[in-house]
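Each structure below is given as C-alpha cells.
Okay, so chain A shows up in both of these, paired with chain B first and chain C after.
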Partner chain A sequence: MPPETRPADTGVIHDIGYRGYAGPRLGRAYATRSLFTQSLRAAYGLGRSGKSKVLPMLVLGVLTVPAVIMVAIALATHRSELPLDYPRYLSAFGLIVSIFLASQAPVLLSRDLRYHTVPLYFSRPITRGDYVRAKFAAMVSAQFLLMAVPLLVLYIGALLGRLDFGHNTGHFLFGLVTALLYALVPTSVALVIAAATPRRGFGVAGIMGYLAISTVVVAILTRIGTGIELTVPDSAQWAALLSPNDLVESLTNQLFDVGGGGDRLHAPGAFGVAVFIAAVIAMVSGSYGLLLRRYSSV
Partner chain B sequence: MRGSSFQLMALAAQARYVGCVSTAVIKTDGLTKRFPRVTALDRLTVEVQPGVVGLVGSNGAGKSTLIKILLGLAPATSGTGRVLGLDIGTQGPEIRERVGYMPEHDCLPPDVSATEFVVHMARMAGLPAAAARERTADTLRHVGLYEERYRPMGGYSTGMKQRVKLAQALVHDPKLVLLDEPTNGLDPAGRDEMLALIRRVHTDFGISVLVTTHLLGELERTCDHLVVIDGGKLLRSSSTASFTEATALLAVEVTDHPEDTALDSGTAVRERLAAAGLSVTLDGSRVLLVRLEGDDTYDAIRDTVAELGLGLVRLEQRRHRVAELFGTEATEATEADDDTGSTGSTDGTDSADHTKGGAEDAS
Partner chain C sequence: MNPTVARLTLRGLLGRRRGALLLVVPALLLLVSALASGSSGNEHDLTVKILGQLGLGTLVPILGLVVGTGVIATEIDDGSIVYLLAKPLPRWQIVTTKLAVAIGTTWVFAAVPTLLAGLLLYGTKDGVALGYTVATLIAGAAYSALFLLLGVVTRHAVVAGLGYALVWESLVGNFVAGARTLSVQQWGRSVAEAVAGDAAIGADVSFGVAVPLLLVVTVAATVLASVKLAGLTLAGEE
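Let's turn to the complex of A and B:
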C-alpha cells in the first residue's frame, strides 16, 4: 500500500511494523546478471558520484567527436569515402581506448577488493565463477560500447552521405569485429592486473604501463627488424605478438585487408593469422583462468 | 516390485517428517577444518535452535571459519552440517539465498549511497528490482537510517555504517542472519542500540540470529543461548540463564592485621575456615572463595575474622559470569575432550567445579 493513500496532513509517521518478503527469489543467474548490469553502469560512472562520471564520459566524447567531424567533412566535400576506414579509426584512437580501460578496469575490480565488498558478494547466491564472469563480461561490454558508438556515428554518417552502401556496411562489420577483439584481448589482461591490487592507483599505473611498454617494445623490435627497408618485413611482424593492442591491430589488418603505409602491421601470411588467432585465444582464456584462480581463495 | 516402491515412498515420507520435526537452524556434526598449519575447527558438533544465539570465542577460536563453512563458502575437511535444513556441502547457493551475513570488517564502498548499495545487495540476493527498492526503504527505516540514506556512505559514522551492514544482511528477509562482531568499534551507547536492534531482529522480525563476539558480557543481555568455542572445539552450549546463575560461592577479602604485620591474614583465615570444614580456595592474591553451605557459613566467616582481629573488606555472593568461562572451562574441556567431541550439543549445564579453576588461578 503506497503511503500516498493516507491523508497527507496528519503529519504522523505510522510504523507499520516489520513485513516479511514472500515474493519470488530469482536465484544465481539473476544475481549474476544484476552484478553485470551494475558493473557495466559503474564503468561509465552511473550510480556513482558525479565526479566518477567525468572521465568515462570525457573519453567517450573525445572518441566520438572526431567521428562526427569526419562525417561532416565527408558530407561537406562530397567525398566518395570516409577519411579513415572503420578498423583504422580504432587503431588510430587506441591510446584513448587504453586510457578508458586503464582507468575503469580497477573501478570494477580493485574497488571491491579495497572496500572488502568481495566477501559480501560471496555471501550471496553467486559463486566465485559467477563473479568473475559478470565482471569480465561487464568490462568487455563497456569497452565494446565505447568503440561501437563512434563506429556507428561513422556508419550512419556514411549512409546519410549516400556513400557506397555495400563497402561501408562490410567495413562497418569489420570495425565491429575489430572492436570486439580490442574489447577482449587488452581488457582481459587489464582485468588480471586490476584484480592483483586493491589500490586503484596501482591498477591504473600497472595497466597503462603494461600497454604502453609492450607497444614501445613492439615498435623498437619492428624498427630493428625493418632496418633500412621501407616496409616492415614479415620476419619483424611477429614482434606484435608481445603487445595486446598490436596483436589485434596486426590480426585485423591482415584479416580485413585494411591499413597501409610502410609501418603497417599485419599478421604474416596464413600461418601468421593462425598463430595470431591462437595468441588471441591464449591471452583471453589464460587471463580468464588467472582471474578465476585469483578469486578462488578470497 | 510394487511393495518395495511403496516401502520407499513410506521411507521418503518419514524422512520428510523427520526433516520437519528438527527445528534447528544450524546443525553440525563432527565439523572439522584443517589448514596446512592450524586446525581451525576440531570435531565441532553443535545444534542451534531458533532465537538469538551467541557464538563466543576469543580471537582465532574459529568463529569466522565456522561462519564461512556454514555459508558454504569453504569446504569442511570432514564432518557435515546443515543450515535451515540445507546441506552446507552441496546447497551453498540455496543457503546463501535464505541467510543474511554481516561481516566483521568494513565492506561499504564510500562513494555510493546506502540506498543504492542495499538495493544492489537485495538484487544480488535474487530480489526483483521493484521488490529490492521497496525492501530497502523498509529495512533502512527499521535499522534507524532516514534522510542520510541518500548520502554517500563515506561520510557516515561507525554506528551508521554498522546499521547499513545490518540492513544489507536483512534486506532479503532471511530466515537466519549471521552477525560477525556487530558491536565492534561502537561506543557504549551505540553498542546498546545495536544490541537492542539485534534483539528486535528476532522478537519483531522473526529472524533467527547467530551473533559472534569476543566480548562476553554484552551477550548475556541479548542472547537466549550461548555457544562457546575455543581452539575450534566446543566448550559449552547452553541457555544464557544457566551461564549466569548464582553459584554457591562467597567472596571474602580481609585486611591485614593492624599490629601483627608478619601474619598472613588471608592464609590464616583460610586455614581456620578449612579447619571448620569449609571448602576454601584463593581467587587472585587476596580474595578467598568459600563454598556456601548454608546461613551458618556467613556466621563462621564473621566469627573467624573477628577472632583474628581483622577487618572484613568484602563479603559477597559470587555470580558466575560468562567471562569466567575461559579461565575455568578451558582446562575442563581438555580433560573432557572426548565427551565434548561427541555429545557437544547436549546441555553442558551440569555444575562445573569452579573451585578447581580458582585453585589453578592461584598456583
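Let's turn to the complex of A and C:
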C-alpha cells in the first residue's frame, strides 16, 4: 500500500499497570540450598556435558574397584579380616582422592570468577557468606561421598562374608571419621587456591602441586629427622603438620591405632594428638576465613 | 624462533606475580637441601631422595606442566591466540618458539637449582650432582614438549598431564615395572646414567631404548602440536 493511502495511525498504548510479584518468596535459605545442590552435582559432572562426567566417574570407579577386589579376595580365601583396614584404605588411595579434589575444586569456584557470575549471585538474596558456605559444603560433601562409597562396599562385603560384625562396624565408623577429615582438611586448602585464580588450569596445577609437593617434603623431612635410626622417632613425626594429607593420616593412625611398620606416620603421643587436632581446626577455619575474605570484595 | 613471540610468551609466563610463584620450586629445593646437609643421616640416601623423588619425580613434572601448558594453553583458553595466529607466521614457528621458551624456563627454574642442591648435598663426588642435573635437563625438555602438545590438543591439559606424571609415572610405575619403559623420568635418568655413570644415578630403561623414545616423543609432540595448531578450532567451555 503506498504511504499516502495508509489510514491514520490507530495504535494505542494500554496502561495495564505494573504488577510486582506479591506471591510467596522462597528466600535466602532456599537459594543457598539450591546453590549447594547445583554445586554438588557439578562436582560429579551431573547436569553437565558427557565430557565433564568422565573424570569424576573415572575417579569414583578407580577408587571403588579395588574395594570390590579386596572383598572378593577376602571371601575367596576365607580370611578373617579385610586385607586393608578401612582408614588405611583411604590413606592408600590418597593420591586418587587428591586428583579428584584438584580437578573439581576449580570447577566449582574458578568458573564463576572467570565468567563474572559471582556478582550475579550476589544480586540475589544470598549473601557472600551464603555463597562460601554453599560452595564449601558442596565440595566437602562431594569428597566425603567419593570416599564413603568404597568404604561402604568394603563394609557390606565384610558383612556378607560374615566377618566379625563388631570389629568391622567399629572400624567402618573409624573409616567414616577419617573420610570426613580427609574431606575437610585438604579440601579447605584446595578451595582457597581455587578461589585465588580465575583460570582452571592454574587452579588444578596449584592444588595438586601443593598436595603432592608437601607430601614429598614431609617424607624427606621425616627421613632427615630419622637420621641413621631404623624406625621413625617421635620427634620426626611433627613434619606431617606441613601436609594436609599426612596430617590427617598421622592423626587417624594414632587415634584409631591402625597401620604398622617402622615408617608408620602417627601423631606423637597425647600431646601430639592435641596439637594435630588443633592444626586440623586451624587449617579448616583459617581457610574458611580466607575464603570469606576473598569473596568480601569481588 | 621468532624473538617477538618469544618475548611476549616469556612475559605472559613470568609477568606479574607468576614468576615469583614459579620461584617457589628452586627455593623449596634449596631450602630442603640446606636442612638436609646439616643432618646426621645417610648422605647418599638423602641426596637421592631429595634430587630424585622431590626434584626429578615431583617438582620437574609439575613445573614442566605449568610452564608447558602456560606458554600456549592459557592463550588458547582466553582466545587471545587468534591475534597471534592471524600474523603471517608459519604455525610451526610459533610452536617451536614457545617450546624453546618453555624448555629454557624449565631449565633455569629446575636444572640450575638441582645442580646447586646436588653440590650442596653431596659435593662433586661420584658425579651425583651432574647426573641428576643432566636427567633434569633431559626430562624437563621432554615434559615441556609433551605438555605443550597436550595444551594444544585438549582443554583439560593440566588434568591429563597430572594424570600422566603422577598416576602413570609415580603410582603405576612404582608397582608395574613395565610402565617405567614409557616414563619420561626414566628416560632422563637413563641418559644421565650414560653421562655420569651408574654410581651416580640408576635407571630402569637402557640407553639404547631411552634415546630413540625421547627423540620420537619430543619431535612427534612438536610436529603434532604444529599440525594441530594449523587447524585449531576454538571451542567454548562445556
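Simple rule for what comes next: the second predicted complex is superposed on the first by the 275 of 298 C-alpha atoms of A that agree within 3 Å, B and C clash if a C-alpha of one lies under 4 Å from a C-alpha of the other, contacts with A are read in each partner's own complex, and residues count from 1 in each chain.
As a convention for this text, contacts are C-beta pairs under 8 Å (C-beta built on N, C-alpha and C of every residue); 3 or more make two chains touch, one makes a residue touch a chain.
Note that the coordinates shown come from a computational prediction; the quantities given were computed from them, not determined experimentally.
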item	value
Contacts of A:111 with chain B and chain C, given as first, second, both or neither	both
Contacts of A:26 with chain B and chain C, given as first, second, both or neither	first
Touching partner for A:48 - first (chain B), second (chain C), both, neither	both
Which superposed partner A:260 touches (first chain B, second chain C, both, neither)	neither
Which superposed partner A:166 touches (first chain B, second chain C, both, neither)	neither
Contacts of A:220 with chain B and chain C, given as first, second, both or neither	second
Partner chain in contact with A:124 - chain B first, chain C second, else both or neither	first
Contact residues of chain A, present in both the chain B and the chain C interface	48-49, 51-52, 111
Touching residues (chain side chain A, partner chain B) in the complex	17-21, 23-28, 30-31, 34-35, 38, 47-49, 51-52, 111-112, 115-117, 119-127
Contacting residues of chain B [partner chain A, same complex]	71, 73, 92-94, 96-97, 99, 101, 103, 105-112, 116, 120-121, 123-128, 131, 135, 138, 142, 152, 168, 172-173, 204-206
Contact footprint of chain A on chain C as seen in their complex	28, 32, 35-36, 39-42, 45-46, 49-50, 53-54, 57-59, 62, 65-66, 69, 73-74, 77, 156-159, 162-163, 166-167, 170-171, 237-238
Chain A residues touching chain C - in the complex, by the definition given at the top	48-49, 51-52, 55, 95-96, 99, 102-103, 111, 199-202, 204-205, 208-209, 212-213, 216-217, 219-221, 223-228
